[in-house]
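Structures are listed in the sections that come next.
After this come two complexes, each holding chain A, first together with chain B and then together with chain C.
Moving on, here comes the complex of A and B:
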């Protein structure tokens, strides 16, 4: 699964992995804004960003070709609109769209491959994202794999008993979703009881405290300046 | 339906982020003030459930299959404000972990699917007092609203689309909306059979203002989007609805044509306006969260 792969990558200990998540979020957002505002004539900047992001991935000891591939997930959607632009007689617009979409996706993959999910959520919280939302995301991530596995098992069981679902078996598929919901609901209540028994009071304690350090400040200052200067200086 | 980064013009993604981010902060703060902490695992598991339910393929006739989107179902099960939070968490997780939808475009996706999708679904459900027709219409309007909003955002951003293509996609939206309606209805009916009483009794008291606020935001934002891109349309729109014109001038004034006026060169002004917009959004959210946080602490 894609996200378990990301989780494996995010366990590294390189300089990029050790930076404060809020610093990495700030850098990623700066890059994303600079990429999103690129025009078709700014292809040189696109190439520069590609080289910069790829060398960052190398520096973080990540499997670069697989990261490139992971970002290519956006291309099918992009391809449709590129084709429409091509048919409408503005091929360079469609091409610029595909390049922007891919570079943005690569930036996001790079952020997620150097930041574990708990760290990312802690970073969002230190940036004053609403704690309620962050905690819902935390529980969502925690139980995603469990429920996906359950849904997969139910699907396999249904297929082995009844074969492929036909049109009139719409209702049966709906019942399966209902059963899944009832199980999830029961599980959520069991989780809550177990957590309350262990003293859960609304937030989950962290083992390692996050503090902004001077290397973090340099990291943000250098990379954000690079992105903005490159965007403004090159024509 | 998940718009990736790189498609929306700077105006559109900033405008939608500017609407979505404070709205989510506001709803999260309200939800936090209202519920105690034991609702949090429940909401998280509900989000994971919608993810997992998207794995169940529903036969949609002639060999194709479809899956649930879930905004309307969540609205009927959890109530609109909690459903917006759960949908936001789902969309953020999809954008970050699955590259399904962009990060800057998250505001647009949240606006379409979480905010507009949930409220457009909750209204018919509440008005028809949770009947089967209400459930069907909930799914139908939820998906249709989200899809039409997404398409209009792409069109405003200047994605070229021939008229034939437009009518094809609109027909496709109607079909998917009907499927989503049928899915929402049958899953909700199956749920009621397994676990009676799990659907929310639709209630308007105390929630009415949230709904009204969301609808006003939606109209205002949409008016702004249309107005800011078509200068000719501005006057016509302001004539038709006096309020949207006022909102337009109120919000859009710092950045004029969405290009910081102190930098005449569009080459420089686009990224500068983009970065400045991000800072404005961040400060607005902080202010809201501080303000609401202070009042809710007094209340609790």
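Moving on, here comes the complex of A and C:
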């Protein structure tokens, strides 16, 4: 069973890691809303958010360059729309779109790197997110790892018979996607069966009880206020 | 000796109509260990999945420790019948060993403190106490198997059903697992193709053939009768 780096990073014990997941989700949501409403002229706020989020990552003793890189995964998608803006003669809008996309992704990556997946789901539950949605998320996460494992196994099997896989092999790899999903489906069923056999009733129990503390309240108050004030004050 | 498993006329057909079980009768006493032998696809695993209510029989009845398996008794029976799956990676899904082993007690409604106590006791039983705070995917195959067994033991089962438990284990790992299982007092059903492992744990075998029990008797006699070397 492979797990993402994010999950390993989320096992830290720093101040940020120890905060109640609901508090971290609330702060992340505030940042996301502020970032999403940034105007193209608000680049200074973007820089300020970048510094603030990066400082938080340093304080949480996370590998900051790798986090920055992980957030860059959204750039190709945002880049397409940014390119359209460039071609339409509004490059500043395109640039703002890229900045917003990257900062949003970085905020999300930071949240996930400081909060384990079960805690994140517990945080969503305590914020009264629909239980069905939380369940879908927990299975999506587990099965995404299954998909990655199966893809890795198939890639190794293909490479062992075909030597180095080149880009032109992509079409053949795409044809194997159906097989990948069929295999992953089988694995996912096996995992669900093992969970059910041990009494899984649609809810993963929390091992430790999570209680909102004063430091959590301060954490939300300070960071959310910072994000909102910065958004409103700097033009 | 009390009867722990009583299966009568168990039948099961897959969605495409293929009959996987064609009238299985089976009994097991408390503390008894039996090996289920037979070709791949003969119905061994399908039978085992019925014991825990993971598959619903088309016909027949299952009684576990005096409880008839039905929707009402299912949660209790799932705690009584511990299934250890072939691939431990499918079985371990929580972030740490301790959390994984505590999963069933927590699901059963125990508090964190009680679940921790149960989980640590189960980990002690399989000699994995020192790895309690490790991530399951950092363990060796043998250690994963032990943790998977601890996850089952934490529910205080009366019956352990082990599906190909020696898969992915090296010979020392297989010996160590056999020694561990021999020390556990629960009744055991071993689904295995590994005759050395089966001999280390039991003298009795059941042979599955085309969805039916073709023979039950002393392990060596069954092996000889079906050329199952």
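Keep in mind that, in the parts below, the second predicted complex is superposed on the first by the 168 of 235 C-alpha atoms of A that agree within 3 Å, B and C clash if a C-alpha of one lies under 4 Å from a C-alpha of the other, contacts with A are read in each partner's own complex, and residues count from 1 in each chain.
Following the convention adopted for this analysis, a residue touches a chain if its C-beta (ideal position, glycine included) is under 8 Å from a C-beta of that chain, and two chains touch if they have at least 3 such contacts.
All values derive from a computational prediction rather than experimental measurement.
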item	value
Which superposed partner A:73 touches (first chain B, second chain C, both, neither)	first
First, second, both or neither for A:187, with chain B first and chain C second	both
Chain B versus chain C as contact partner of A:140, first or second or both or neither	first
Touching partner for A:51 - first (chain B), second (chain C), both, neither	neither
First, second, both or neither for A:196, with chain B first and chain C second	both
Touching partner for A:105 - first (chain B), second (chain C), both, neither	first
Chain touching more of chain A, residue-wise (chain B, chain C)	B
Partner chain(s) touched by A:212 [first = chain B, second = chain C, both, neither]	neither
Touched partner set for A:156, first chain B, second chain C, both or neither	neither
Set of chain A residues, in rising order, touched by both chain B and chain C	2-3, 117, 142, 187, 191, 195-196, 200-201
Chain C-touching residues of chain A, taken from the complex the two chains share	1-3, 7-8, 11, 116-118, 142, 187, 190-191, 193-201, 203-209
Interfacial residue positions of chain C with respect to chain A in the complex	49, 52, 54, 75, 78-79, 83, 85, 87, 89-95, 98-99, 102-104, 106-108, 112, 115-116, 135-137, 151-152, 155
Contact set on chain B toward chain A in their complex	2, 4-8, 10, 13, 24-25, 28-29, 31-32, 37-38, 40-49, 51-53, 55-61, 65, 68, 85-86, 88-90, 92-93, 95-100, 102-104, 154, 158-162, 165, 182-183, 186-187, 189-191, 193-195, 198, 267-268, 270-271, 274-275, 278, 285-286, 289
Touching residues on chain A, where the partner in the complex is chain B	2-3, 6, 28-30, 32-37, 39, 70-71, 73-74, 77-78, 81, 84-85, 87-90, 93, 97-105, 108-109, 111-112, 117, 120, 128, 130-133, 135-144, 146-148, 150-152, 154-155, 165-167, 169-171, 173-182, 184-185, 187-189, 191-192, 195-196, 200-202, 228, 231-232, 235
